[in-house]
Amino acid sequence: MTTQISKHDIQHMIAKRVAKELKGPLTVNLGIGIPTLVAAYMEDDSIYLHTENGLLGVTDVEEPDVDPNLVNAGKLPVGEAVGASFFNSSDSFAMIRGGHVDVAILGALQVDETGVIANWAVPGKNIMGVGGAMDLLVGAKKVIVTMSHTAKDGKSKLLKECTYPITSTRSVDLIVTELAVFEVTDGKLRLAELMPGASIEDVREKTEAEFIEQ
Amino acid sequence: MTTQISKHDIQHMIAKRVAKELKGPLTVNLGIGIPTLVAAYMEDDSIYLHTENGLLGVTDVEEPDVDPNLVNAGKLPVGEAVGASFFNSSDSFAMIRGGHVDVAILGALQVDETGVIANWAVPGKNIMGVGGAMDLLVGAKKVIVTMSHTAKDGKSKLLKECTYPITSTRSVDLIVTELAVFEVTDGKLRLAELMPGASIEDVREKTEAEFIEQ
Amino acid sequence: MAKQKHSAAEALAAVKSGDVILVGGFGLVGAPLTLIDELTRKDVNGLTIVSNNLGESGKGLGILLNQNKIKKGIGSYFTSNRDVGDKYQRGEIELELLPQGTLSESIRAGGAGLGGYYTTTGVGTDLAKGKEEREIDGVRYILEKAIRADVALIRAHKADTLGNLVYYKTARNFNPLMATAAKTVIAEVDEIVEPGELDPEAVITPHLYVDAIIKAQQVLTKEGVVSR
Amino acid sequence: MAKQKHSAAEALAAVKSGDVILVGGFGLVGAPLTLIDELTRKDVNGLTIVSNNLGESGKGLGILLNQNKIKKGIGSYFTSNRDVGDKYQRGEIELELLPQGTLSESIRAGGAGLGGYYTTTGVGTDLAKGKEEREIDGVRYILEKAIRADVALIRAHKADTLGNLVYYKTARNFNPLMATAAKTVIAEVDEIVEPGELDPEAVITPHLYVDAIIKAQQVLTKEGVVSR
């Protein structure tokens, strides 16, 4: 149907779409992967990036200015904005868990049809890492999920029910894939938008979860 | 028996005796009243005074240097030592409640014969203030109580049982009055020392609590 | 943006009757005197005030008290204002007395999204009455609940225009905690500077906590409270 | 006094088999690399390590892991070291996985003398299994217990000789919390200065928390970990 586009292009298309959602002033926490790419597309000066390892005011950094002790939650080098502040991990998570971060943008392995996500563990493997995912899910005022619409095996990642362990009982607010944008309202998915090049048939075919079409 | 000495002199005698107990390095919190006077008699350079309103490194201050925004827990002007630090109230009480303050020196209205004290409320009056008393009692590694041996009506303040509401179930470690020094061990008072000019008969007569005489 | 407000009245626009209000300060030190003064002029009542003390007789929060605008006080040391006891005696105010460490920890817990916590402070005393007690690893604790509010009125030393705050000496006290635990946080400061002028390592209250800033007009000096 | 030690070995003198040890850092950033290195040379075992992660395969705490000195790991992200999973599979290590916010909050709670606290994080998930759940004011919380330790190994930027500490950028992370929650706190720093050289308003860890200080010899640079 659509011409094959690269994984790189898909990721950037999703990131660009998410960036459109962000109207400042906002404090935003970006997860690892696609969410990190969102920063490059944000156009509003009054969006402040929070990273849970202890910085409000994350910026990009160019190679000559890389500081090994200034990194984001993905352990990638970052810069600090004018007006930034540093704090310890419990103060950082107090911001998250206390509801002071406006938006969290996260990746997910699965989303169910009520907007509950699984993004930290796979059954049958040892449960080895959770990081700040559960904290962000309960604490952020708004949660946006970015992910590919289907898994490597072609199966939908938008399911009737998550088969992986859930991250929180809280429903996310928005889901952006390479095919569609879904809003979650009253525990139901609603197709808000088709992504460039995607058709409603694509979305129907590749979405196991029930969703409202308009 | 002893010649009448002034309240001022009594207070300073008690403060001086308490100061002898303090061998640095120590972090010490001084309560309001007689405890505040202890500072003047401390001779060890490595004693650091903590005040629960947010300063480690309290010093005396002379009138020209008084800063209205630099006070101790009694709201009296103080100075700051070289190497001092400021912190907020919850960090300050985390120090106290987390067991990081070595010694608290407090006043008391009553002490019972197990070393439990009452120092924050009087029955029949409205209960209006507690401040940091209960926090210091549970948290300080060592608690030293300073008080006059008897109340204004002449009755002993060292009682079989407190008639006022207790501050904590924890026994204090040392009690210093104008007549005697008592150590508290295994929930029993032991007379450790007579104060200058006091006789054992004085102490027996004015102490309702059971105590071990040697 | 535009966190900087032109007047205390503008900054207090969101305050309404029935609100729970955190007020910083340890006595007058670190108290938001300008905002308190303005609050006494505002037509609101039924307030719950969370503050270490309720001012002094006829001063600061003491004026608000005498205006009968305070329905309930939560604090650790009401003794500093004799009017509080009189009002309590007459049944005109509800009071909740907390150990000072519990007051500060509960406000922090509110800001950090916690429901409550177990502390040893107060165990076995009159202030533990009605509170759940439990043993954890052989130690007795009581459950204290988090405190959250509609509004926080705080005092800082400097703000940048983004809302980052630093404090001054022992005027810090409850203010940084209160900045985390209210829906609307209003700070009065000595000076407002440009972003970049505060050291990122030394910012105490990051700007995401702060909604409005005004310059202090009532200031504590050696000679007492002075208008400027 | 004499908090300043001449060597990492001297600083670690108090560490013994069976100890619970807090280790600062988020990956290598803010990790006390010199002290970890020395710990791998020390003849101790049966350690419980509380740290966000257990190093990388064969690096930092990863060496200690491969030496079979770690009985139990408490952290939020063991994924950074594949050896942890293998050892766990073979039943050679006990693991307790906590959300990162819970890990940091529990350490703070330990330092503050609390028994535990109620958090919404993890409610309804596999990580809530076996944990007490309760509703407070209509919200579901789980009980998390405080974490306390025998020893904390932390990384700071500067210390004064009294033991006051300041940190550097995102190398701060867990270090100031860990400084509050152990009986013995050992800090490695870039620089040791005289009292009075650190701004009292900007000290992050007041000296009462710190027992020993050494100068860092293993340092994270753009080129990786370098001995100096």
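We just call them A, B, C and D in the order they show up, numbering each chain from 1.
Note that in this section a contact is a pair of C-beta atoms (placed from the backbone, for glycine too) under 8 Å apart; a residue touches a chain by one contact, two chains touch by 3 or more.
The structure displayed is predicted, hence computed values, not measured ones.
Peer 1: For chain A and chain C, which third chains touch each of them?
Peer 2: Under the touch definition, chain A and chain C have D as mutual neighbours.
Peer 1: Counting one step per pair of touching chains, how far is chain D from chain C at the shortest?
Peer 2: Between chain C and chain D, the shortest chain-hopping route counts 1.
Peer 1: If you tally contacting C-beta pairs, which pair wins, A-D or B-D?
Peer 2: Answer by contact count: A-D.
Peer 1: Measure off the straight-line distance from the CA centroid of chain A to the CA centroid of chain B, and report it in whole Å.
Peer 2: Measuring from centre to centre gives 55 Å for this pair.
Peer 1: List the centre-to-centre spacing of chain B and chain C in whole Å, with centres computed as mean CA coordinates.
Peer 2: 29
Peer 1: What whole-Å value do you get for the distance between chain B and chain D if each is reduced to the mean of its CA atoms?
Peer 2: 36
Peer 1: At least two other chains touched by the same residue of chain C: list those residues.
Peer 2: Counting only residues that touch two or more other chains, chain C contributes 105, 108, 112-114, 119-120, 167-169, 201.
Peer 1: If I count partner chains per residue in chain A, which residues reach a count of at least 2?
Peer 2: 80, 86-87, 90, 93-94, 96-97, 138-139
Peer 1: Given which chains touch which, is the overall layout a line, a ring, a star, complete, or other?
Peer 2: Chain contacts: none of line, ring, star or complete; other.
Peer 1: For this structure, give each pair of chains that are touching.
Peer 2: Taking the chains two at a time, the touching pairs are A-C, A-D, B-C, B-D, C-D.
Peer 1: Which stretch or stretches of chain C touch chain D in the complex?
Peer 2: 105, 109, 112-120, 134, 136-137, 139, 141, 145, 166-169, 199, 201-202
Peer 1: Which of the residues in chain D end up touching chain A in this complex?
Peer 2: For this pair, the touching residues of chain D are 26-30, 52, 76-80, 84-85, 88-89, 95, 97-105, 107-108, 119-127, 167-177, 204, 220-222.
Peer 1: In their complex, what parts of chain A are in touch with chain C?
Peer 2: For this pair, the touching residues of chain A are 24-25, 27, 46, 48, 50, 56-57, 80, 82-87, 90, 93-101, 138-139.
Peer 1: Considering only the defined contacts, which chain D positions touch chain B in the complex?
Peer 2: Chain D residues touching chain B: 1, 108, 110-114, 160, 162, 164, 180-181, 195-196, 198, 200-201, 203, 206-209.
Peer 1: In their shared complex, at which residues does chain A touch chain D?
Peer 2: Result: residues 51-55, 66-71, 75, 80, 86-90, 92-94, 96-97, 121, 126-135, 138-139, 165-169 of chain A touch chain D.
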